[in-house]
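After the structure tokens below, expect a handful of questions from me.
The letters A, B, C, D, E and F name the chains in turn, as written, and every chain counts its residues from 1.
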Amino acid sequence: MTEHTFNQPLGGNEMPRFAGPGTMFRLPSSEATDEIDIGIVGVPLDIGASNRSGTRFGPRSVRNESVLVRPYGMYTKAAPFDSFQIADIGDAAINTFNLADSIKIIEAHYDNIMAHNIKPVTVGGDHTISLPILRALFKKHGTMALVHIDAHADINDSMFGEKECHGTIFRRAIEEGLIDPKKMVQIGQRATGYSSEDFQWAIDQGVRVVQAEECWLKSLTPLMNEVRELIGSEMPTYLTFDIDGIDPAFAPGTGTPEPAGLTSPQALEIIRGMYGTNLIGADLVEVSPPYDTSGNTSLLAANLIFEMLCSFPGCIRR
Amino acid sequence: MTEHTFNQPLGGNEMPRFAGPGTMFRLPSSEATDEIDIGIVGVPLDIGASNRSGTRFGPRSVRNESVLVRPYGMYTKAAPFDSFQIADIGDAAINTFNLADSIKIIEAHYDNIMAHNIKPVTVGGDHTISLPILRALFKKHGTMALVHIDAHADINDSMFGEKECHGTIFRRAIEEGLIDPKKMVQIGQRATGYSSEDFQWAIDQGVRVVQAEECWLKSLTPLMNEVRELIGSEMPTYLTFDIDGIDPAFAPGTGTPEPAGLTSPQALEIIRGMYGTNLIGADLVEVSPPYDTSGNTSLLAANLIFEMLCSFPGCIRR
Amino acid sequence: MTEHTFNQPLGGNEMPRFAGPGTMFRLPSSEATDEIDIGIVGVPLDIGASNRSGTRFGPRSVRNESVLVRPYGMYTKAAPFDSFQIADIGDAAINTFNLADSIKIIEAHYDNIMAHNIKPVTVGGDHTISLPILRALFKKHGTMALVHIDAHADINDSMFGEKECHGTIFRRAIEEGLIDPKKMVQIGQRATGYSSEDFQWAIDQGVRVVQAEECWLKSLTPLMNEVRELIGSEMPTYLTFDIDGIDPAFAPGTGTPEPAGLTSPQALEIIRGMYGTNLIGADLVEVSPPYDTSGNTSLLAANLIFEMLCSFPGCIRR
Amino acid sequence: MTEHTFNQPLGGNEMPRFAGPGTMFRLPSSEATDEIDIGIVGVPLDIGASNRSGTRFGPRSVRNESVLVRPYGMYTKAAPFDSFQIADIGDAAINTFNLADSIKIIEAHYDNIMAHNIKPVTVGGDHTISLPILRALFKKHGTMALVHIDAHADINDSMFGEKECHGTIFRRAIEEGLIDPKKMVQIGQRATGYSSEDFQWAIDQGVRVVQAEECWLKSLTPLMNEVRELIGSEMPTYLTFDIDGIDPAFAPGTGTPEPAGLTSPQALEIIRGMYGTNLIGADLVEVSPPYDTSGNTSLLAANLIFEMLCSFPGCIRR
Amino acid sequence: MTEHTFNQPLGGNEMPRFAGPGTMFRLPSSEATDEIDIGIVGVPLDIGASNRSGTRFGPRSVRNESVLVRPYGMYTKAAPFDSFQIADIGDAAINTFNLADSIKIIEAHYDNIMAHNIKPVTVGGDHTISLPILRALFKKHGTMALVHIDAHADINDSMFGEKECHGTIFRRAIEEGLIDPKKMVQIGQRATGYSSEDFQWAIDQGVRVVQAEECWLKSLTPLMNEVRELIGSEMPTYLTFDIDGIDPAFAPGTGTPEPAGLTSPQALEIIRGMYGTNLIGADLVEVSPPYDTSGNTSLLAANLIFEMLCSFPGCIRR
Amino acid sequence: MTEHTFNQPLGGNEMPRFAGPGTMFRLPSSEATDEIDIGIVGVPLDIGASNRSGTRFGPRSVRNESVLVRPYGMYTKAAPFDSFQIADIGDAAINTFNLADSIKIIEAHYDNIMAHNIKPVTVGGDHTISLPILRALFKKHGTMALVHIDAHADINDSMFGEKECHGTIFRRAIEEGLIDPKKMVQIGQRATGYSSEDFQWAIDQGVRVVQAEECWLKSLTPLMNEVRELIGSEMPTYLTFDIDGIDPAFAPGTGTPEPAGLTSPQALEIIRGMYGTNLIGADLVEVSPPYDTSGNTSLLAANLIFEMLCSFPGCIRR
């Protein structure tokens, strides 16, 4: 066996895939420390979701299915575990009875992660969690670029009178200056809304919105070339991936599925297309295990998280 | 066909069971009005739950499976739809992003129901909902007797720092004087707790606690005779039935199941044993459809709600 | 290996249980012939069912799960495959678009079975199928005794205007003289009906009706002693077992489940208690595989069919 | 909130999506009246189906999942609820024990709908239901054009000797002159048949048959341009959409799935491509909830029904 | 919070139940060390199973569902985490392609555990694993007493020619002198076998066999009094609990279910009845998660493992 | 009905699809005899699988779902049952406790099949089974060409120390000279590996590897033209199709799914593209029914097996 500098996923020839620690990719678990380059974090919140619940079990389930992921990308030739010190740094202890309190807990949790200069890759949980994460990252990085994959725009002003829940977060993030809307791209929005204004507010701020219809039957590699050109390689960039951006055929286990979305090859093209940006964090949200009877949505999510690791600047390709 | 004075469930020979309106027992839906004796109410809350979520779909699912319930009890000979004007009076519009706000919304919703002198039979939702319901009923009835079926005592002082969620409600209800603990009986508590004090606070207040172990292999009819003796036939009495009081073999679709609980015959014995008390309202909570793959937990719940109707004072037996 | 006179189930040490022929107990399949004592028959009808469908897949699914059944009863010491020539004689080719036509097809199918003096053990299919089976058996045996396990009485005069469907068959069977109501016992009826008359017609004809409530927490061996006394050992006796007689905890996969039914030990006691009667045929109906997510309802049904084989007169015990 | 002239779906900010009335899109329910432009109708029939059953629960399940559909098409900019008075006008009370009788009941049910000049949008049920619907519509509109999406041609002369069931209906419709075969297009047929004649009868009548293979990896917008050219904008045109036209990856919950079908983007292209024809009615059939473990087939169906509403002549785009 | 001497399960008020480490009861994970009194071990083997597979996921799934178990027994008043140092000591790295090799790996794994004087509580995995565990324990303890709960006797001489698999292990254990058959009790055996000899070999060696039929409708506390009398409080005693000893209504997720088994209250009575013996190890085997659609079989298993902890000698009751 | 020379699938108008024999396509079952041209064989092995188990139920489940397949290809116009004598020749009696022994049993089983000059079409079972099949075929045909569809290369040198299991077989097949690597094409490999060498060994031997990424959004008909050119029409050619080559959206029920795979249209293009080669056998492996909640993976597999029949040399097209 090769000598490794960094943490390695526990291999399938050392411990059968269906056993071993319940961490992401069967990596070592760790507190947040200065030695860690990238930390995998779970945020098991689902009380910010408006339709089906269940994403509270997302982190556990994605970790469970991540056992099949191996350390090397066969097509990209990326080797993230030879490039970075990566660890599973556990879960944020959200308050499942109180959304507003949970948003504060999450921000504090990421303040600590940022204090150790860890780049967080988060598995949700409903999409609400991206807001306190961005707030914490903003304190270190300032205004960020954002690539946002989702069936929905998540730019409602409020839902049921609430200003902070899974459908309002990117309006808040733009209003608070966390995100530069001119460096923000939304991909995969579709289906039905309350009015034509549903996507318009973002467009008016300068966000580029690429509806799902524009993606049908196309490789998204050209789009990602444009995205990288727009954002550049310097600006701190965050990637937020709502699994419902992908069609329910590929990702059935989610809370607000919409038909005719992205394919899983397109999802890979998008995440792989982030390589070349100054990616400083990413999240994968809205996997709802009770609606994922085969486990394959969690499995897809685990693979997308692996691809995220491969797109951080400095990831070796060999 | 007989002439009926009151609303009747839509019969299976008029409209196939798998069709027709999506109301409880396919009864007419109605606003709350003074003509209604008993109103079926849905409270689709699940953000007060500490483990699995999903009870937000409880009201819809129990209504769906209620189509199999017919209007007459074959063993009790009870005929509730010939005894009372019963309607499905719809759902409380809880705020799914805010538990504290939802608790207020629910209380106001039941204030309105009480203003019409309707006896509410509620389908949840998680157990949190019983607290605002009891608060509304207290304004009309004063301190009430309570029969509480549940795997858990729900008398924590707080959970994760919160004073009002599905595990604390009966401590609140006793503290606020809504319930007379000396006229309160808990049945079915079991399994594990944090310490021996978990059940003790209630016992110290005078509550009678009948652990599941005391119920194994026994008819509960004698127990219910004692319960009726304790409560009497005058005191306004509320029945709160957490489906997890029943063993997961009979009721798998719930969020915090505990092994070795009550059987469904015992559940019927308890509810039937309420006949003779001055029942003024009841609820059936904690059915979680995502964990109920056959639909049979919802079906059981619908039957238990039918049995509740049969136990209101004045229900004809023929 | 012992020399056997009769067909034997394919053993788990000859062919793994999850493989081999798709017949009941992995017995040889056969046309109906004079050599066969007992024939297992599938009748895949579900268009006589009033609520959930799916029993059309009952025969296939019960056969699939029957692979776990071995040839000897460990408690009864019964050895049916050493006592009788038993074969899987295939399915009746019902017309799935036409219930009335199917009823005729089934009767003709059993006329042929009776022409070979085969005792039929049938797996349904919805309960409608028992009527044409009884009609065919009547031609040979004359008026029969009947033991009927079911959550429902199945004695409606009509359903949705139809005289022959799964809820009317035993009224028809009594009216036509196929069954002597004074030698008929119904066990397990419960839950709700349209009026007190729902069970009364049968009682008025002399049928003994043992509601589920009378069975709770009791061994049914004493009841079966009474049943055998009532019927005697001479009168041709048919056993019809609707799986919904058993509680949905034990048998979730069925179309019109009712709570608080028989337990599976009680089901065994009933079938074992038929030994000593002049059993001339039996059926097991209403298993609906789409609602049986674990396969265990079909597995239970396969075991009940094995126990039926053990209760035919002449079955050796050793 | 805007003043609306017409019925509006109950919004997610007024009542959480998982609650509220069990009608399609949570619209008001109504009898058939002259005020209604488009009526949503359920026809819960499944005894015309030849393989898996379960579509009897289609209307209920599609309504349940329709709660996620909002009133405005984000890509088409269509606003059907600002264009038409739309209501859920309930279910046809089919006779689940008698297919021939049900076909008559359905025709009479639609005769009444047509008497009120309501354009029906139907959710099935198995495909048999389209025949009596077309018979009723023919009385008002005369011979119609037809766009038929399906994995199968449904032009058998008979099945198991029956002339009217889910595989024969379009032969009947052409023979009876309900449909002009030269204005009929079939899309998505594929897989296996009994002989090369299976599709030929329709082709011989002048029907255009577009097999699934011709659709692979293509936008169907050009095809729909041709379809609109063929049919024109005047001829009364009916759209019948069997969910099994779509690949089982996107629509697993159906009774006779065939591999390698249409994608859900193609399904949207087809229905959106109907805009410009004189659409006078539509149906969505063959959703079988017991085989739809995530609910997502019903959700897709609800979205397709929304898109149908958007394609009726006069639907505003803004 | 109280000061604790020993490891405590992570509490639900510190980290929501659906998050935190994937260990049993969310205990700390640890290597085997001399400080540990009782070690929880996973053995994810399923290639020794003869019917349905899937128990390889047993350890992971039981750990997942164990999050609901709290540290104190409400009825027994047992406080195992205040009595012993308990840790999750991880999984044996079995060779999933080679049963014979796996049996050796397991024995070596437990040799190491015994070298640290840890009492092992194992979660399987199929029942084969008990044989190498007993071999390792024998080296320390000599011949042991055994209490064996199971639907099957597991005393075949061979299966498909193999001497060591899940149906032969207790014949091997007796032959090798690991177990004293006169101090061995089997409970719950039932259903069908190949011949009357299936249970006889054990009986001939002096084993007490309590068939399921002898347990129906009875408390098993008296039986356990007899068991304790037979075994005494000195002899090293092992408890092996096959989840299929329990009826499939309570424990559907298993590979060779048999109808009419023990109830979950009886399961508790048996394990609680072990208190007073010199218990030196225990296992819980044959949970097969793919057949456990609600997760409740794993949940029951986790509770049974908690009860095992409570029955080790020295467990405090308060 | 036409007179047929060869065995025909039992038609849906003779026996409803949900009934009849449990054989593939409801063909006659048969021993291996010289009259059979193509034999369908089941090999129910899953102990060679490294992640999820369950493929032991593959043969039964694919047969169950094959009832929907009719005898004629509507697009290819192929009529295999008019071209060849085809029968279901049953299952290999593998030893489920011993992988090495099973590999020998399978080889012997296929030796017998080859002795009758039957071309085998096999349904697995995990991919291990292809190795002993190739060994048996090699004795008759010598070195073969191979087309291999799979998410994985299956060319590990060993797994967990074992030389023969589902991830090593094609390295063994090339080493043993069963396959000419220069006439071998692998299609669909993707996702993650242990290092860049994972695919390299095969490439170094001359195998053509077509990663999934090269297939995205493309018809594979041109690729298959190249494949036929490479292999020619003379060389004995084997087709091995691992269902996980197809994307989990289309084929969720498998043990080691990987995202972003082939579509089912591409799967058909590949198999149809084999027509013109000298196909002498084929297999379809890795369907795992416990993870296939709708049955549609098995249904897809049954269709792929039908398409395999259509691609044997001499299959009539009309």
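Here, contacts are C-beta pairs under 8 Å (C-beta built on N, C-alpha and C of every residue); 3 or more make two chains touch, one makes a residue touch a chain.
The chain list, named the UniProt way, goes like this: A, B, C, D, E, F = Agmatinase.
These numbers come from a predicted model, not from an experiment.
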{"item": "Contacts common to chain A (Agmatinase) and chain E (Agmatinase) (chain labels)", "value": "B, F"}
{"item": "Far-end chain from chain A (Agmatinase), centres as C-alpha averages", "value": "C"}
{"item": "Chain whose mean Cα position lies farthest from chain D (Agmatinase)", "value": "E"}
{"item": "Interchain centroid distance [CA atoms averaged], chain A (Agmatinase)/chain F (Agmatinase), Å", "value": "37"}
{"item": "Length of the line joining the C-alpha centres of chain C (Agmatinase) and chain F (Agmatinase), rounded to whole Å", "value": "40"}
{"item": "Chain centre separation in whole Å, for chain F (Agmatinase) relative to chain B (Agmatinase) (CA means)", "value": "55"}
{"item": "For chain A (Agmatinase), residues contacting two or more additional chains", "value": "16, 18, 50, 52, 56-57, 96, 159-161, 217, 247, 249-250, 291, 293"}
{"item": "Interchain contacts (touch definition) - all pairs", "value": "A-B, A-D, A-E, A-F, B-C, B-D, B-E, C-D, C-E, C-F, D-F, E-F"}
{"item": "Chain B (Agmatinase) - residues contacting chain C (Agmatinase), complex", "value": "11-13, 16-18, 67-75, 77, 217-219, 247, 249-250, 263-265, 267-268, 293-296, 299-300, 303-304, 306, 318"}
{"item": "Chain A (Agmatinase) residues within the chain D (Agmatinase) interface of the complex", "value": "50-52, 159-161, 189-196, 198-199, 211-213, 216-217, 247-250, 252-253, 256-260, 291-293"}
{"item": "In the complex with chain B (Agmatinase), residue positions of chain D (Agmatinase) that touch it", "value": "14-16, 18-23, 29, 42, 44, 56-57, 59-60, 63-64, 90-94, 96"}
{"item": "Chain D (Agmatinase) partner contacts - residues on chain C (Agmatinase) that touch it in the complex", "value": "46-50, 52-54, 56-57, 95-100, 159-162, 165, 290-291"}
